[in-house]
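Order as written gives the chain letters A, B, C, D and E; numbering starts at 1 within each chain.
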Amino acid sequence: MIRALMAGPEGVREVEPASLGEVLRQLAGDQPLGRGGTGGPFLWVDLDAPTGEEWELLTGVFRFHPLAVEDCQSFTELPKLDVYPDYLFIVLHQVEPAGTRRVRRDELDVFLGPRYLVTVHVDPVEVVGKQWERERQGKGALAQGADMLFHALADALVDQYIPVLEGLQDRLEEMITGLLDESPHPRLPRVTLAIRRQLLRLRHSLEPQREVFARLAQRSTPFVSERAREYLRDVHDHSDRLVGLLALNRELVTYAVDLYLALGNNRMNAIVQRLTIVTTIFMPLTLITGIYGMNFRFMPELEHPYGYPAVLALIAALGIGLYLYFWRRGWLEPVPIPPRRRRPDRGPESRHPPLPPGEASRGRAGGPPSGPRTDG
Amino acid sequence: MIRALMAGPEGVREVEPASLGEVLRQLAGDQPLGRGGTGGPFLWVDLDAPTGEEWELLTGVFRFHPLAVEDCQSFTELPKLDVYPDYLFIVLHQVEPAGTRRVRRDELDVFLGPRYLVTVHVDPVEVVGKQWERERQGKGALAQGADMLFHALADALVDQYIPVLEGLQDRLEEMITGLLDESPHPRLPRVTLAIRRQLLRLRHSLEPQREVFARLAQRSTPFVSERAREYLRDVHDHSDRLVGLLALNRELVTYAVDLYLALGNNRMNAIVQRLTIVTTIFMPLTLITGIYGMNFRFMPELEHPYGYPAVLALIAALGIGLYLYFWRRGWLEPVPIPPRRRRPDRGPESRHPPLPPGEASRGRAGGPPSGPRTDG
Amino acid sequence: MIRALMAGPEGVREVEPASLGEVLRQLAGDQPLGRGGTGGPFLWVDLDAPTGEEWELLTGVFRFHPLAVEDCQSFTELPKLDVYPDYLFIVLHQVEPAGTRRVRRDELDVFLGPRYLVTVHVDPVEVVGKQWERERQGKGALAQGADMLFHALADALVDQYIPVLEGLQDRLEEMITGLLDESPHPRLPRVTLAIRRQLLRLRHSLEPQREVFARLAQRSTPFVSERAREYLRDVHDHSDRLVGLLALNRELVTYAVDLYLALGNNRMNAIVQRLTIVTTIFMPLTLITGIYGMNFRFMPELEHPYGYPAVLALIAALGIGLYLYFWRRGWLEPVPIPPRRRRPDRGPESRHPPLPPGEASRGRAGGPPSGPRTDG
Amino acid sequence: MIRALMAGPEGVREVEPASLGEVLRQLAGDQPLGRGGTGGPFLWVDLDAPTGEEWELLTGVFRFHPLAVEDCQSFTELPKLDVYPDYLFIVLHQVEPAGTRRVRRDELDVFLGPRYLVTVHVDPVEVVGKQWERERQGKGALAQGADMLFHALADALVDQYIPVLEGLQDRLEEMITGLLDESPHPRLPRVTLAIRRQLLRLRHSLEPQREVFARLAQRSTPFVSERAREYLRDVHDHSDRLVGLLALNRELVTYAVDLYLALGNNRMNAIVQRLTIVTTIFMPLTLITGIYGMNFRFMPELEHPYGYPAVLALIAALGIGLYLYFWRRGWLEPVPIPPRRRRPDRGPESRHPPLPPGEASRGRAGGPPSGPRTDG
Amino acid sequence: MIRALMAGPEGVREVEPASLGEVLRQLAGDQPLGRGGTGGPFLWVDLDAPTGEEWELLTGVFRFHPLAVEDCQSFTELPKLDVYPDYLFIVLHQVEPAGTRRVRRDELDVFLGPRYLVTVHVDPVEVVGKQWERERQGKGALAQGADMLFHALADALVDQYIPVLEGLQDRLEEMITGLLDESPHPRLPRVTLAIRRQLLRLRHSLEPQREVFARLAQRSTPFVSERAREYLRDVHDHSDRLVGLLALNRELVTYAVDLYLALGNNRMNAIVQRLTIVTTIFMPLTLITGIYGMNFRFMPELEHPYGYPAVLALIAALGIGLYLYFWRRGWLEPVPIPPRRRRPDRGPESRHPPLPPGEASRGRAGGPPSGPRTDG
């Protein structure tokens, strides 16, 4: 589907896709094509899951480079910024949670020219839909320039990562809280591996995307006005924070797994200790009974009237003595409750409720003054 | 074997190796040697497993530097780009899978001059053969310049890495899926070591190769036209993605091995726990039977008519009591099914079928719009 | 709450918030706005947990960029320095211990203009309060320039990190001292995980903050005079040291956990060894008693008058022999005292008193010549 | 020992050490001292384990800087390049295998002037001896310039590292092949530690040496002609490959040790499982026999004619039932063959023969076209 | 204590602290203050543990920056170089061993001006004392310039690190040698943690100190003549080597601990194997004796005259058979000698004598030609 909007001082109007060639010529002729215009009007064309013919618009009318169009058609693994003489070509990734431990990445391709912005996406991209509504109602950013519209889209798209990352972090903090409270979460190793894989994939998208915004924010790229650059610096700040959060989460995973193993070793130590105590106490006692169970004809103890009580007393004394020995040596500490045991208990009344959104969720931008910020 | 093609506006024709000296002089005299010509005609010479005499062509006719020719003759461990005054010398590596866990690396050496491209390879290089066919049929890139032909070869050669890397990743994901589903793949440690070794070797080829394309795509190298540079930027993008995939796979290996060890520790814990339970329950019972198996003459219990049932009841009560004690302490959780056991089951109805080509295979360039892209 | 001070050669006076617009115009008109003035007077405005209306001062009177004001309103995860044409916008973090293993981070936002400094903070910031008192008494730095006042605040704020980091390090050293003394602290794994998490979060604040001071100290930023730059170099030195301390502490955590695991393995080895000794000694002895407990009619040993003492002697000899065998093989080393055991002992007479503030606390700046500096 | 050669268009002649001062003056006066001469003649002076007096030549006749001479006299840990106004001072390291797991590093110091090369070495350096022979027979590089002679020495010296590194890698691959074939080499941990130590030391020499060649190959250093620079680029390529091989080998060591530990854990799991099976099967059976070994007067089963066969059948049924239970639970997998066991078998018919020189040895430079290059 | 020396062409003379102001004025007026003078005379002032009044010299007479003086007064964690318009301020650290595993770091602060050097130290600094003696006897470096005196002090101070680092390395090599010889040092984990902590702290001093010398050696800093710069390059070489040694030692620690754990696991495997063998052999035998110890009336075997010898033979055959089974399966390998056992043996006749100073000690600078350099 192709749809187009034009916005300028006189307001917003929809443009017929068929007339886009004509409109482009007018835009070019209207006034000298300054780089990052201030006058307007500005054009936004959105290609939503374009069909075979609709792809023609990019090559035929806009005359974009075939390699850029090819990048629009297939999933481009790494976000990037390519500078062409007449436009910028920018590949961005959006994320959405898909289930509890999975993440869905979609691509948004953008051509940013002096007076127009072309967005291309094979799958639906939420931020495009919302911004389109805003522009149609005249509350958008297009009237301030194609670059300001690009900022609005990029800002919303980067903000989408925050709840996804915070969801993963909450799951992780839940694990770690369990570890620190001496009740390690039963499925910790598997959950952390799953989270780690997601973090790896998010990094795959986020690090090159941060570089795209770094270049747009710091260096003098064509088609981006000084004013938009200041706004894109803010998007870069957020990308930077996201990459930092990723790194923090990856380190937390490592530590949590290390700690889980250490606690597992402690438990193993305690169990084997218990086994050793039992064996060491009972084997000598059993030997004594074995001795007096032998069938020798001449065993004077057996004939003695106090033989039996004496041996019973010996067994009791030895057993208690060995027990006290272990007690004094400190071997009798309780074995920690095995973590796996509690698995059937999970469900509605789980002892591992999701953490209230912690420190991570306090970073949301643009809100009112936030409450206290204590790190845990 | 030496073979040569000439392509230009007038079409394609094969050239006799013997007349190459003459052709080269004509090319040089035809018109001033612009760097990265547009006019044509252009020459492609391919040396396929050259014999002793055929090597002479490089030193005698083309007068290439002896060190470059030496690099053609032996396997050059690291891809590279050397800039000589009259030509570029470029070493690239191609890969092919050789068996299920092995990879074969071959070298393709390229001399890129203003109007000619010379390719040298000791072993057969698939992309050269295919491109040669395309050129002969006049559907190739040579007519657009020697640099555009170089791009065509480099693009195909880099794309060859994708299925190889994805094959390794599929094998790895199969392992990890097993871990996450609680049925770790029996040979995981060995398979991951083998994959890790391949990844190390691929990195050996891929990282310097990416640097070669980065230099060709970003800086102004002679003999590469602005147009070819834009296309080589695309090859650099793909190389970058491959290096990223390598890093991702290496981290996945680390995590999988860590998780395997953690699960092995959990299983050990459960087994030792079981052993401790059995020992702790039976040792006291055996002691009781030992006591009443002693042969003392005066043991009043033995004479009592209810002595035997009383002791049997004591044994039963103690056994059940200890069992309940362990049950209440949560020690009775099931031991995880041992991973090794399932090895004989593998084969046609294996529980570890190869994953359907997952996310990784979605990145293939240049295809039609791809389906949903959910990361797992 | 908004409050304002003006300081110059003539002394200090408080300014009504309502008249700030007027004052700003005077400052601008008074004399050409040199960058980093020397003449004075200078203005300090402090917004402490501003209400909705009070935020207006920033946008309406000072006309700061809306993105900078937005950053003031929410928690900004990473300290930063943004250069605007008419002022610097600087985000800093202060820390305070919040409980024994937790840290609270608060944000201080600063606008540094040619003749004014505006500080904004949603939560109370200790160093601002103290400096305000000092300025009011005329003992402050404002009279020497807005940049010198900024230095005074930054210096105090960075110094606040030292006791926090040293507190964490002391806790860590206590753990390590226990490990080196063969009495590992019982809760070591959990405590180190908690410390590690704090260190990660402090790094989140400290590394970008160091970069802010590096830029202010090394490069020529507007609104900072050469004199203030020399002082800010000192703040950068301290930030550098803090980042180094962080790295040192993170490595100490890793080593301590590794060592804890190694000692745990040693203990496990010793326990299993003990179990093996007991089993290996008693099983053969029990077998012997079992043999002579069999009820065969024809067992000549049973009839022999010295049968019983001979078998007793055999049992004793075999038991002692096996014991001596293990003793000679070195298997009889004592099992290390289990660490967990001592947990109830902790409290007033704990064997793990907090270390006297060690080397780390000797680095405090500006004090008198310190005593000997031996690293432990 | 001091010896000197002079080579030029007119051929080669030996020079008396005593006349070196005179010769140097002639060289200087002969024609203007171009940097990296082309005309010749050129002088090579070699100091082989110089005595106290012979050191005087460097300070007295050549007037080299005292710090450079000091560096010649003691072992200089890190190769380096110092640029003095009248000459380059270059420290290189050669290696030789010294036993199976040890490596010997020796130092070669070089002064490269416009028309002379001075080599200094305390220990014999193989490549100097060989090159001296070649020069004396007029087949050397000195006649083409002092810088070309330096290249010849450096090239041979760097090539010496290849067999040493490949020897270590072969030993390592032997270990890893054993691991992948399920028969881990018994001494793997110790051998890999020894290899790791050698790799660390080789890196100590190789990384700074690569930097020396990078500077000589890439930047414009005095006393090195453009032609020699092209040749030194080849030496840098080889150094780069060596550093890459080092890194690859270090990662292989890490993986091999990780895998060894994982396989050890698997084996431990299997052994403990076996122990648990035996204990769980026999303890209940022994309890039954204990019960019927008790001496109560009234035990009706004992009187029953089929009591004994019934209990025997019960014991058999319970034993077999427990065995089948474990079999069905998959606990009966074979314990992997213990690695240590095979140690006495080593020697002439060892199952761990050295690998045929694998991929690593295929990289040797300058040979004839190599065979297939399959990575394993 | 304040003391001062003046050296120049006319010789050396001591200067009264009280007259330092006068002397400074003379030095400044004597001749234009070239940067890094050649003419002399030059002044050296040493403040050794200055008292409150003596600090006044720095601020009052020399007019050094208050921040620099503050840095002199407290321990400055990181060595650094601050360039002030009229002098350089340099903070260096010296080390001394303090006990067997501890290191003491002291600070030496230096002000280097055009014609003077001021050294400040709160604790005694050995190299200052020795150099002072040398200067007083006219054998020093002051007469050649303040920068040459600075080199002499820096060179000696850096050389002090070598024995300290080598002491730690010797201790480490002793551990590793034990590991490679199959007799791991009993206290290895604790000793390596202690060494690791020292290495961390030394790195804290050494890395920034190297950067100080890198800046002095490579860039054009004021107050350092070209001649002194060449000498400082040598100090930088040594610092570089020290940092490399630190890294090497840190990696050795990691490897040694990894190997220790691997050997511990091997030993555990062997012990548990032994336990399993004993249990598996004796449990069936005990069951047999239990069967024939039952008191059934009708047990035909018991009546048979050869019943007893037959069962004895069965027991022997089964025991030997199981033993042979384990022997053939390779389970009977010897358990490695437990490392802890040998602890009482340590002392005069310890099996772990300190290594003869190994490779590390061969690097000492400036000595006579060293012997063979084989790395182990």
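Following the convention adopted for this analysis, contacts are C-beta pairs under 8 Å (C-beta built on N, C-alpha and C of every residue); 3 or more make two chains touch, one makes a residue touch a chain.
If you're wondering where the values come from, they're calculated on a predicted model, not measured in any experiment.
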Message: In terms of touching chains, how many steps apart are chain C and chain D, taking the shortest path?
response: 2
Statement: In contact with chain B and chain E alike are the chains D
- prompt: Same or different for chain B and chain D, where same means more than half of the interface numbers show up on both copies?
  reply: different
- prompt: In whole angstrom, how far does the Cα centroid of chain A sit from the Cα centroid of chain E?
  reply: 41
Query: Taking each chain's centre as the mean of its CA atoms, how far is chain A from chain B in angstrom?
result: 26
Task: Among the residues of chain B, pick out those that touch two or more other chains and give their numbers.
output: 261, 265, 268, 272, 275, 279, 283, 286, 290, 293-295, 299
- request: Classify the chain contact graph as line, ring, star, complete or other.
  value: ring
Field: Going round from chain A, first to chain B: chain order
entry: A, B, D, E, C
Query: What residues on chain C touch chain A, complex-wise?
result: 49-50, 65, 67, 70, 73-78, 80, 82, 98, 102-107, 122-123, 189-190, 193-194, 196-198, 200-201, 204, 257, 260-261, 264-265, 267-268, 271-272, 274-275, 278-279, 282-283, 285-286, 288-290, 292-295, 299, 301-303, 305, 307-308, 311-312, 315, 335, 337-338, 340-343
Message: Using the touch definition from the top, list the residues of chain A that touch chain C in their complex.
response: 176, 179-180, 182, 230-231, 233-234, 237, 240-241, 244-245, 248, 251-252, 255-256, 258-259, 261-263, 265-266, 268-270, 272-273, 275-276, 279-280, 283-284, 286-287, 290-291, 293-299, 329-331, 333, 359, 362-370, 372-376
